[in-house]
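Structure in structure tokens, see below.
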């Protein structure tokens, strides 16, 4: 078990949607170099949890601490600036922009034209697109095409690539492999391992227990908005996790 | 003269019975002298839309230009271009500068002639008629299209100036209706709801009058509240007959158009023309509406 | 339905998809009526203002109510059609001139028919002809948008010009007086204190509310506005729907035109021209999004009344004309601000 | 091997997007009671294939035969009317409508109010929502809430529920379990088995080889727009399939 | 960039994500210019028509070119700002009256400053003041839309009224003549046959094209229009962006207003009133979608020119005014039909 000071600590987080208690008093800790899996059945509150962490929604109540300091993100921009990158379940791509432009969205690279005029560096964007996609073994040539022209898995790769590209301290991945082919899934698993070895913190949401057991250090299981249990991965097995997920 | 002159007429806007009637008069004159009449205008009474039309007309170099400028100041520069290109200009219905032309004073004195029924005067006539109708006392207001249209602004001004001479008449706030008869009606009703002693209204153009008179009808005040309408297209005749409208101030658009073309022709054939021709007004009411002498001033259908 | 006798549910306790308190809270219900709430607030303000300013009443006068109701009829009719169109994600810029075209056609038709038949029949037939005339541009709009995939803004902007030109040509550029006492009575008479105009509008409103909220057509309209692709994949015949949709909007405009001719005993090509912005605003104040997918007839009625009440009320309160422009603008903005506040308060769907 | 007359036959289907040959000359046969898996790496052309079959896109070339008769769907409506239901990878839900309204979209149930006035039967819709969701063990109470208020997996369940509800001859499922939790995935697998036993034809797209091997009779592997191979499931194994997918 | 030395690529041959012919076809490139193609076609038609009808020339006359260019300046300036707003998925209904407000402010300011300082300086300073005055309603629009989440249609419709009222109040309900010969020269003079107005507009166009196509601001604008949620999650500060966006639109309108005052040597509150629909139409004809996410400045220029050329050309060809309405409508529709045909032909993104 990893005993370093936590990178990220979530304390008693709640988030209600009107009368729906999507998340109720949930806590979570991520240490450097640690992969924490967030598991739970559909509608358990996983996405809600990570959206609250990444600044998408203000939590209804609860605290988030980053490297020990309480933070309160008023927008995803804040969270990104503090080194939290997120792959959203619904990808959150700007469909009309190219892969490169999506990777750099919000942080576009500039260069000087004629030696003085700042302009978008589209070459750098295209290069990032090529390289990042290649990380997952996608070799893309249509670097100017809007991402709406790509397949489901290709689009997921763009979302993964974008999050990985920025070398954040904490990576949050909401079902990153759901649409990926078998080889690409393996790539993502090895990518997570390499992130881990670089001392980053990772929150990994998946319905694939095999993947979870392959990469995680700990697993936190949510059930109907509450934490049903948290285990070190070495201390548990598929059966116990499924039991936690479905209750009973 | 064997040359067939082309004379262009640019109205303040195309979608208005007043100008359509002016066109008829102009066409009659053009036929009489064997000239060709070009009628082109914009759908809105606004220099932004009128000037491009003017430019396109200038591009075809007509022999003379009749125009109802949509603003006294703003049309000076654009018309100067036509004048510089050697096109004689006569303004009809409205004017530029002070309306006093060929005086050598002012920027806008270059047109040859201004042929119109003076809108300020028209407003004053409306005021007098209304004042008489309401026994020279009570509350009245002007129902107007929207601010920024020189003709209707001038009618309002003439009306208000004249009413200053009638100390027992209170002129309430003007209401703008955007050429929406429905809005004009509701405004009349609202003013009436607030001022139960409202005695009359001046509708400064067709839709203002149509709407106001309907408002009077909705308020059940036909006959008690007086409506003076500016302009006299066919639908106003019915309203006069049915008592919805008490008086209509008819300009003489056909005359304006007729004299316009005739003056242009005279100028082109080397005759001198007066710098100002007033065509006057006719006040039409229920009594004289059937009289052919007044009925001829009903605008063309 | 697949015949599967719920077999494998044995192995685990079903997770509840829904850990929610199902009953809608009272606040949420009120929030759905927010344009009406705003309307009520507006009335209260005018009432207080009237009392303080001159010891009068605004709300207490049945004359005011009737005036506002009549005032709202024309914009409301256009707004009703526009509600359907906007929910579908489109817009109909041509409705105003279709209304003008119908007014002119109504005037001519009723005059001409009046020569050959009793006036009441001429009136009814003439109105039908006017509405039928409105259907022509509506059909063209629909065909352009559904078959040729012209964006609604452009298709109906084109029709704006075409209907406008046709209406002015038909009217000879001026207004067309109608001579038919029954028509004038329809336009200006009342029964039991209720103007016929308002009654006709109320009937249209009820029919359209039914159509939008209780029929397949209405349901498909919402689906298309939210996600046309999904609706198409679900088997909605989008082309047919859009065609009917723009015809529907034109019919509303056509009725508006015929009523205009009745009220002012004249047809005018520009009858509906000034109503465009107000009618769209009524729909949006009523809760619709211009991106499509939301909106109701009930909301639009409130929106149309809000606009009519402000405009009427400011005149009633004797506000200076240029200040009226400003005040109407401010009130329109506030009407929607209240919506935002209510959403936050009631837990309804918010932007992230 | 199933030797009944084919329910569905796809012959030399191609679909290009401008210069992209998303699908090139691909063929496929589905017999009654047969589950055909369509596999392939990301961007292989699976979604394109099924969209061409279900009437979303007109194919660039090629033929589709339904029960031996050539058909040409000008819209998904046509395909649905001929008994083809599809679960799309991007779900294709009307987000502003309730679950029931989505299930019945395009085929809304009507009833008579006051004995004569046809009105939407919202009760029937709600009932269908409840029952269909229960098939996958989702027990939904918010029957009036728009589907945008539901979680990723819950939304996927709605899409599955809708397709199953209509009792079609042929079901096409494009990665139906991608967002589902473990128990729900099992439910879908058993659902497919029950469809099979009712003699329906199923096309099943998945990146999960286990699921594919659990339910399919045959597997057709696409690679870069062409059919890389087709196998009876009993004659092949994971390794061979992966090899077909990635080539080499 | 994560340091991962491309490690595990051994096991299998990488599937090519892209089995595409990368080079854009010539047809696709032409298709992107479609509004320009249409403009060219329009010119050809007018030229042929002029030759056949009266043996004259349309395209051959530099006077026509200059007139059309000057005609297009005001709608183009509004349309440029509108392009940004529409790409973001919004709309700015208030731009026309902001232009009017700026025109009135410019007139007053230049007159007043002219008393105290040399005329050229008064002119420049006055123009700056006018643009600054336009920034005020622009900022309010931006704050309403970004901070208070008022839908753009409603926020700017409110500002439509507020700017209108303020402009008329400032102008005292009339037009405000300016006396400044330099300003008149700016508005009506030319250098090397190029009107100053056109030169100023060209500079604005170039700057705005740069801003939209080459800067972060522009890039974010496209992203927000396509998917505001995604843009926000990617870290785009949407509130700040929207604020700047509506200020930008107001600045374009402000420049338009100042140029109006120069051209007509008077400020008028109603200066921009008739330009609303035309300016939005220019943007849409130029290839933008009102749903946001697409559009270019280059397209908008073509769109504005298309509209100016049709309107000017029809007068030039002496088409009857009411028929002009119809013709303009038909041409607007055709301009977009051609787009549809080209898309189909060129394999660009189609609707399903």
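A few remarks follow.
So that you can tell them apart, the chains are marked A, B, C, D and E in the order they are listed, and the count of residues begins at 1 in each.
Assume a residue touches a chain if its C-beta (ideal position, glycine included) is under 8 Å from a C-beta of that chain, and two chains touch if they have at least 3 such contacts.
Just so we're clear, the structure is a prediction, and the values are computed from it rather than from any experiment.
Chains that touch both chain A and chain C: D, E. Looking at which of B-E and B-C shares more C-beta pairs in contact, the answer is the pair B-C. Look at the CA centroids: the one farthest from the centroid of chain D belongs to B.
Ranking every chain by how far its Cα centroid lies from the centroid of chain A, the top place goes to B.
If you average the Cα atoms of chain B and of chain C, the two centres end up 35 Å apart. One simple way to say how far apart two chains are is to compare their mean CA positions; for chain A and chain B this gives 71 Å. Per-chain CA centroids place chain D at a distance of 46 Å from chain E. Look at where the CA atoms of chain C average out and do the same for chain D: the two points lie 40 Å apart.
For chain E, the set of residues that touch two or more other chains comprises 12, 15-18, 20, 22, 168, 173, 229, 232-233, 322, 325, 352.
Across the assembly, chain A contributes 17, 20, 41-44, 56, 138, 142, 149-150, 154, 157, 181, 183, 242, 245-246 as residues in contact with two or more other chains. Of all residues in chain B, those touching 2 or more other chains are 14, 43, 147, listed in ascending order.
Here chain E touches chain C in the complex through residues 89, 91, 93, 144, 148-151, 153-155, 157-166, 168-169, 173, 229, 232-233, 277, 280-281, 284-285, 289-291, 322-330, 332-333, 335-337, 340, 351-352, going by the rule given at the top. Interface of chain E with chain A (complex): residues 1-4, 6-9, 11-12, 14-18, 20, 22, 210, 213-216, 218-220, 222-223, 225-227, 229-237, 293-294, 349. Residues of chain A touching chain E in their complex: 54, 56, 75-77, 80-81, 86, 88, 91-97, 101-102, 105-108, 110, 113, 117-120, 128, 131-135, 137-142, 146, 148-150, 154, 157, 162, 164-165, 167, 181, 183, 186-187, 190-191, 194-195, 198. Residues 56, 61, 63-64, 67, 70-71, 74, 168, 173-175, 177, 184, 187-188, 260, 263-266, 268-275, 308, 311-313, 315-316, 318, 320-322, 325 of chain E are the ones that touch chain B when the two sit in their complex. For chain B in complex with chain E, the residues that touch the partner chain are 14, 38-41, 43-44, 46-49, 51-53, 55-60, 71-78, 81, 146-148, 153.
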